[in-house]
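Structures for review follow.
The same chain A turns up in both complexes below, where it pairs with chain B and then with chain C.
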Partner chain A sequence: METSFAITGKGYVIVAADTTSARSIIKMKSDEDKIKTLSPHLLMAYSGEPGDTVQFAEYVERNIRLYHIRNLYALRPSASAAWIRRALATSLRSRKPYSVNLLVGGYDTSEHTPHLYWIDYLGTMSEVPFGAHGYGAYFALSLLDRYHDPEAPLEEGLATLRRCIDEVSKRLVVTPGKYKVKIVDKDGVREVEL
Partner chain B sequence: MARRYDSRTTIFSPEGQSFYAMEAISHAGTVLGLLAKDGVVLAAEKKVTGKLLDLSATKEGGYGGSGEKIFLLSSNVIGGLAGLTADANSLVNFARNAAQQHLLSYDEDIPVELLAQRLCDMKQGYTQFGGLRPFGVSLLYAGYDPHYEFQLYRSDPSGNYSGWKATCIGANNGTAQSLLKQGVKDAIGLALRTMSKTMDSTTLGSEKLEFAVLTLDPVTKQPKAKIYRPSEIDALLEKEGLAKKDEDTEMKPAA
Partner chain C sequence: MSIMDQNGGSVIAMVGKDCVAIASDLRLGNQALGVSSNFQKIFPVTDRIYLGLPGLATDVTTLKERFRFRVNMYTIKEEREIEPETFAHLVSSTLYEHRFGPYFCEPVMAGLSKTPSGGYKPFIAATDLIGCLNFAKDFVVAGTASEKLFGVAEGLWEPDLEPEDLFETISQTLMNAVDRDAYSGWGCVVHVLTKDKVITRTLKGRMD
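Take a look at the complex of A and B:
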């Protein structure tokens, strides 16, 4: 089942999401990228109703890009997250709301700090040191509560992430096979293999 | 039948567009802005309307100032205005609205240049169509945002805007700008000395001067706008040695 994690550390945010695309009990695809790069220092992992997710993520991506083109500098992570939250909150009261859950992680280049925001389809938002969505969250959050260190170097952060993924594959009945892992820090966004 | 009216407000001409509007500003009270390392300063000359004007309400109320030339546009931007007062009030209202809309959408103070753009987009619109009169107002925007830190912008009735280290709008702006070219060391002092040299009267006082600074709060690191109250302006002039002497203004008893 769909699962996504994100962890902050010293000067970085790691965002991870499984790569399965499923419909009912059928696995349709196993290399789906569910993490979008919204701007040079901003990542967004999305999960929820298939169709809604891609539609909403592209809508966000293009609006954030538009702001960047108009103003020459990108929207900061906190401002991006606030805008995305409002988009979901507005959608919630429409005839057909988007059913999408998000983890928005970014590096603020003017403050030199990493930020992570947990957002759900109801328009709830909170800034968190680590976060998770989907069934994996039930296992990962207690683990992260025990092992997360906001001052941890990147290697330690990745080790903590590996712990989460291992725990989920050990305990969850329907385990996602593969994960995509992306990192955002002062140098921008990059993908890593676990 | 818009052609029956004066079309000169919007047609191209050798003087440039928005000619009347630009003309209105060259007679307005001087407003000058200075950009320093740790803040921005605005100083403005008030044209004294007359002794009978009741100014008692402006002494203690609001954000400071007398509400004639210097306004708080957003918690991180102070605006200095020169031109037609009624047009200026309308622009101040628009700017405050734009700033709060940004705050609502993005949960952050509006970047200074974006606020200038919002106003200039509207000002430009009024130069393009027949039957409309451009805003007869030039503005200085003294502000702070995390992208470019302290900034100073200037906009004119045509909707042009530009960033400056030191600049001036209104009457005598040429004189003031050449004084400002000496370079900025002590921004508050230079602003006051320049005002004292460009204004008609020989002495400065709170009844003719508005003054404001934008700095960073040392504790919260958030921008802190301060528009001086009349009593604070007089105290500041006293400190800088530019205050008027009593014998200049007080009537001497007949000898």
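Take a look at the complex of A and C:
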């Protein structure tokens, strides 16, 4: 089943999402990228109803890009998260709501702080030190309660993330095989291999 | 399972002697799964009004933004700050506008209203999710632990408590009530409003 994690550390946010694209019990694809780069210092991992996810993520991506083009500076992580939340909250009370869960991670270049927002399809938003969506959340959150350190350097953060992935692989029946991992820090966004 | 219990959380407000207190827990959950232990449900409206919004977390945020907008518009048009009684009716009518498709929140508000003699009178009120006002003289409760809060508050509250005693009473009431509720807890925040200052304290609670 779909799983995504994100953790903050000293000056960075790591966002990880599995790469399977499934339809019912069939794996259709195993190299799907479910983490979008919204602006130079902003990442968004999305999961949920197939179709809704890509449609909503592209809608968000283009609106954040439009703001950047119009104003010549990017929307800050807190403002971006608030805008995205509102889009989902409005959609919830429409005829056909988007069923999309998100993890929005970004680096605020004016305050020099990493931010992570946990957002679900209802429009519930919370700033968190670490977050997860999907069945993996039930294992990863308790593990992160024990091992997460907000002041940890990047190597330690990646080690903690690896522990999450290993725990999910060990205990969850329907385990995703591969994960895509992206990091956002003062230098921008980059992808890493675990 | 009710939509009002999706995220959990509870709020209580109490009247004291020339002061009021409002307190809430800090949990945000997704059914039984805890997501955040720092989810604020109480928001300052003016220097003398605090609003607590327990219920569905998406509507907590939406209503917080809506009330901020409406209070700002009121302040600009009237060129003065809104009084607690007026704000209570603003809350009520905002919720009733959505009578047949409501926001799933039960607001609790606490404030100090100006008297003609220049003093301040404690004010507390709560509404249901469609805006039916409840003005109480002692205390008001809302959220997933409301039944427990009623019980403990009934036992601990007494009239004319001084700010420090009111703080102790509301804290003990909230902490002991949320410990008996699986959907509330994970720490608390307490605000005590007096005529010249607001005392805000965060309490450590059981993390289970």
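One rule holds for everything that comes next: the second predicted complex is superposed on the first by the 194 of 194 C-alpha atoms of A that agree within 3 Å, B and C clash if a C-alpha of one lies under 4 Å from a C-alpha of the other, contacts with A are read in each partner's own complex, and residues count from 1 in each chain.
Just so it is clear, a contact is a pair of C-beta atoms (placed from the backbone, for glycine too) under 8 Å apart; a residue touches a chain by one contact, two chains touch by 3 or more.
None of the values given here were measured: they were computed from a predicted structure.
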Superposition on chain A - do chain B and chain C clash or fit: fit
Which superposed partner A:L42 touches (first chain B, second chain C, both, neither): neither
First (chain B), second (chain C), both or neither touched by A:T124: second
First (chain B), second (chain C), both or neither touched by A:L92: second
Following superposition on chain A: angle at chain A, chain B versus chain C, Cα, nearest 10°: 60
Which of chain B and chain C A:A137 touches, first, second, both or neither: second
Contacts of A:S110 with chain B and chain C, given as first, second, both or neither: first
A:Y73 touches, of chain B and chain C: first, second, both or neither? first
Dominant contact partner of chain A by residue count, chain C or chain B: C
Least Cα gap, in Å, left between chain B and chain C after the two complexes are fitted on chain A: 6
Shared chain A surface residues [contacts with chain B and with chain C]: 86
Chain A residues touching chain C - in the complex, by the definition given at the top: 85-86, 88-89, 92-93, 118, 120, 122-128, 131, 137-138, 141
Chain A residues touching chain B - in the complex, by the definition given at the top: 71, 73, 75-76, 78-79, 82-83, 86, 110-111
Chain A contact footprint on chain B (complex, rising order): 105-108, 111, 113-114, 146-147
Chain C residues touching chain A - in the complex, by the definition given at the top: 6-7, 28, 30, 33-36, 38-39, 56-58, 61-62, 65, 101
